[in-house]
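In the part that follows, the structures are each spelled out as structure tokens.
Each of the two complexes below includes subunit A, the first together with subunit B, the second together with subunit C.
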Partner chain A sequence: MTQSIRVVRALVRRALNEILRVPGAAIPGVLAPTIFMLGLSSVFGKASALSAYHAVDFRTFIVPVGLLQGAGFTGAATGVNLARDIEQGWFDRLLLAPAPRATLLTGVVASAALRALLPGTFLLIVAFSLGVAVPSLLGLLIAAVLVMGLACAMACFSVTLALRFRTQQAAPLMQIASFVGVLFTTSYAPKPLLQDWLRVVADVNPVTRVLEGVRQGFIGGVTWAHTWPALLSVAGLIAVLGWFAARGLRRYSF
Partner chain B sequence: MAAERLDVPNVTDPGFTVRVVLALARRSLRNALRRPQFLAPLVLFPSMFLAVNVGGLHRTTSLPGFPHVDGFLDFQLAGAITQSLLLGGVATGIATALEIEGGFFDRLVASPIPRTAIVLGRLVATGATAVAQVTYFLLLGLLFGATVKGGIPGVLVVYLIGIVAGVGFGAIGQAIALRAKSASSVQGIFPLVLVVLFVSSAFFPKDLLSSPADIVATYNPLSYIADGMRTPIIDGVGSTSTLEGLAAAVFVVIAAGAIAIVALRGRLRDA
Partner chain C sequence: MAAIEVSGLEREYRDGLKAVDGIDLEVQPGEVYGFLGPNGAGKTTTVRMLVTLLRPTGGRATVAGYDVATEPQQVRRKIGVALQEAALDLLMTGRELIELQATLHGIPPREVAGRAQDLIGRVGLSDAQERRVGTYSGGMRRRLDLAMALIHAPEVLFLDEPTTGLDPTSRATLWDEVRRLKEDGTTVFLTTQYLEEADQLADRVGIINAGRIVAEGTPQALKAEVGLPHLDLTFDGDVDLVRAQEVLAGFGEVRADTPAGADLSIGVQEGSSAIAPVIRALDEAGMVVGRVELVEPTLDDVFAARTGSHLEGAGASTADVVAAAV
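Let's look at the complex of A and B:
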């Protein structure tokens, strides 16, 4: 157990080191959610004049979307980095190490959880400096947990693809999942404003609950009614996508 | 005499250059088609965006200042095409970077072919891909109820501006790849694609953008490219928007092409 924790910690540290060693690849992922938030609020900001927004400023409404985009981008980047390691042969050497494959997977996925805090923190600093109201400490804490959880789930998905395709060219496929997951929700507008088909999709999309869980602290108070479905959804996503990633790793041969 | 026997090509012959460009373009397209799962995101991402924008913000057409349109889909179609073409530019950059990483680029450089053909070959392939991208979105729009008010001439204008812009975005991708030399670094410019799009009128009328996006959009070539393709869809063929759109697309081709050639020279110096 102690050995496994050491391996996980080493893999997490390696992933974090990459941020400093290859900043050219890491910086866009950190900036992207903030760009997304600023961009969407600049483009569609006037939409909040519609009554269903209940006078909530569009930027405030969209900040949680940016946080989840950050988690999604980080998860996808985890898969891209793994694909690069596979291409360069480093991952094959890693598999020769006397460590259980589940431990290796945990290390890779756990690194995504920590890395997701970076774009999220940057986004919040920019948002707060632009006048977005600071949520309560509990609201921020719940948001952080959900962001880290979603990053893990998206990392599991992109790791599955990386193990399947073994090339960085699969990167857009990895990013699509985070786009679909986060945007096909109440990301842009409250449910009453959505077209019927999108309302149905948002209802069945578990990320909608995650988004509402993050958003609650920004547009109102934190309630258990919004929190538990968000936590349950993110746990379910990790369980299902983690199973696929573990299966992919079990079947991986070199 | 010996040169004739060995059939050494004359690299200054324009006909030879064209043959090399076409051969490299064919190779690029074949490589792309061999793995359609990597080509699909070029249209999937913008399709998703289009669906979410239309599904979530369709009521915004009732906002004061929004131009008269039959539906939000009609308005968004040009934005989706522009986004797709930009992603095509990123894909071109990634493919170039992978050729550099894999050593194929160095083999091309060592072969007796004109250097510019290396850049042009892939750009021709990018132009061919742009045709497919524009076709896809026009068909998608028609399938979900959009109409092209400009009729056949309007469709041709959309193709013309789309293809030229697509080649220009491909040149940007190549220039970045030749400088960065790493596929993951090129992949990293993806978010920047969104930035450039957000500060343009690709997704929303310029008059309804918040400041300072509305100011930047005035100087952003993407605004003119998107509006040049949008006007034939929502209104009809207009000479001003068409010329502005075409001029902006040509500007991108010339500027990005020049940067790509300079980057290629820099790369050759490093090699």
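Let's look at the complex of A and C:
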């Protein structure tokens, strides 16, 4: 067990090393959620005058969306990085190690959880400086856990594709899950304003629960009724997508 | 127990192509086994199966006593691997990479730094260990790759074309390291397309072509199968060749296929040690030799004899032909 933790830690450290040594490469992923938040709140800011928003400032309403976008970008980047490692032969080196396959997969995916905190932190700094109300510590903590969890789930999805296609050219596919997952929720408008079909999709989309779990700290207050569905949803996503990633790894090697 | 035991090993792809088509081989502990063949012959596919990166579609292989298909984890604990492309993270330093490799192989944390330093020193990278690998030359990357493969003191080391693309100095350094590993008792499975490399390093050689082993044995035995070394002689001035053949009759058989540019070709069992007596005998008979060339059979000759074609690396061999202007 201790050895497995050491391996996971070493792989996470390697992934973080890239951010520290080539910070320029991380800038687009870090800035994008903040740019979306600024752009969307400037364009659609007055929509919050609609009664369905319950007088919540639009910027505050979409900050959680930016946090999830950051998690999605980070998860997709994990798959792209793995595809690059496969192309360059580095992944073979990992597979030659006697460490259990689950440990290698955990190391790759866990790095996404930590990296997802970077765009989220930057977004929050900008948002708070623009007047978005600071949530309670518990609200922030739950948001951080959910963002990290969603990043892991999206990383599992992109890792599955990386193991299947073994090329960085699959990068656009890797971004689809988070893009669709976050878009088909109550990201930009409360449920009463969604079209009927989208309301149905948002109802069954587990990312909606995750979003509501993150959003509760920014709007209103933290409740168990919003927290447990969010935690359960993110755990379910990790379990399902993690199973696919593990199956992909079993098929890739033995 | 053999270090590597392969029986009927096959790898067939979905399109029906058999990259490896039923090979058998055995490598004894402490032996350096040279696996020679042209590009696309099946060398790398064989290695990838033996190191558990690729599942065999037929046959059986054991490494260090463990089956590669059913006991891959045990195999991985016993082997070190330096693959064809030195797959390194260019953003990390040499020391960081070796320490990461040590962690991946389960070496206790208190031993990691010490082992890393030993190996870094052994491959001559002490001064460069804190530099990012992206700044390393090709030879330095290969040496680092080798050090990483050795971090857990493997019983069997697989080197897949370790010197391809290296300059002569880097190649010589790696050869020295392979010799040292052999002295230490490590079994080495070395694939190469360089004849000279196999000749210099391998105790035994297996030659693979189109997925099948076409020849196997010691380099000396394989070369002996295709003929004796011979001396190609060119005389100064007009010489009676019949008289010259009479003088040389005691040294060996005069060959019928004298190469263009030479006057006489004679097979000599003793190789280079026959040069001086032959020249002396001709000199005493009043015949002056202007040029003598010792031509020894190469592993390419072995390959050509078995397959009818030549290895790509045949031109890279320099040790097999010794030319001397007299």
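General remarks:
In the analysis below, the second predicted complex is superposed on the first by the 252 of 254 C-alpha atoms of A that agree within 3 Å, B and C clash if a C-alpha of one lies under 4 Å from a C-alpha of the other, contacts with A are read in each partner's own complex, and residues count from 1 in each chain.
Just so we're on the same page, a residue touches a chain if its C-beta (ideal position, glycine included) is under 8 Å from a C-beta of that chain, and two chains touch if they have at least 3 such contacts.
Computed from a predicted model, the values in this text were never measured in an experiment.
After alignment on the shared subunit A, the placement of subunit B and subunit C results in a side-by-side fit free of clashes.
When the two structures are aligned on the shared chain, A:V7 is found in touch with subunit C, with no touch to subunit B. In the superposition on chain A, contact of A:Q195 is made with subunit B only, not with subunit C. After overlaying the two complexes on the shared chain, residue contacts for A:R93 are found with subunit C alone; subunit B is out of touch. With both structures placed on the common chain, the touch criterion links A:A171 to subunit B but leaves subunit C unconnected. Aligning the two complexes via chain A yields an angle of 80° at the C-alpha centre of subunit A, spanning the centres of subunit B and subunit C, rounded to a multiple of 10. By the touch criterion defined above, A:G248 lies against neither subunit B nor subunit C after alignment on the C-alpha atoms of chain A. Legend: residue contacts after superposition of the two complexes on their common chain; A:R21 is shown touching subunit C, with no touch to subunit B.
Using the contact criterion defined above for the overlaid structures, shared-chain residue A:A32 touches subunit B, although it does not reach subunit C.
For the pair subunit B and subunit C, the minimum alpha-carbon spacing after aligning on chain A is 14 Å. On subunit A, the surface patch touched by subunit B in one complex and by subunit C in the other comprises residues 22.
Note for the complex: subunit A touches subunit B at residues 22, 24-29, 31-32, 35-36, 38-47, 49-50, 73, 80-81, 84, 165, 168-173, 175-176, 179-180, 183-184, 187-189, 193-195, 197-198.
Only residues 3, 6-7, 10, 14, 17-18, 21-22, 88-90, 92-100, 253-254 of subunit A touch subunit C when the two sit together in their complex.
Those residues of subunit B that touch subunit A in the shared complex are 35, 37-38, 40-42, 44-45, 48-49, 51-60, 63, 87, 91, 94, 98, 180, 182-185, 187-192, 194-195, 197-199, 203-204, 208-210, 212-213. Contact residues on subunit C toward subunit A in their complex (touch as defined above): 51-53, 55, 69, 72-73, 76-77, 79, 81, 83, 85, 87-89, 91-92, 96, 100-101, 103-106, 109, 132, 148.
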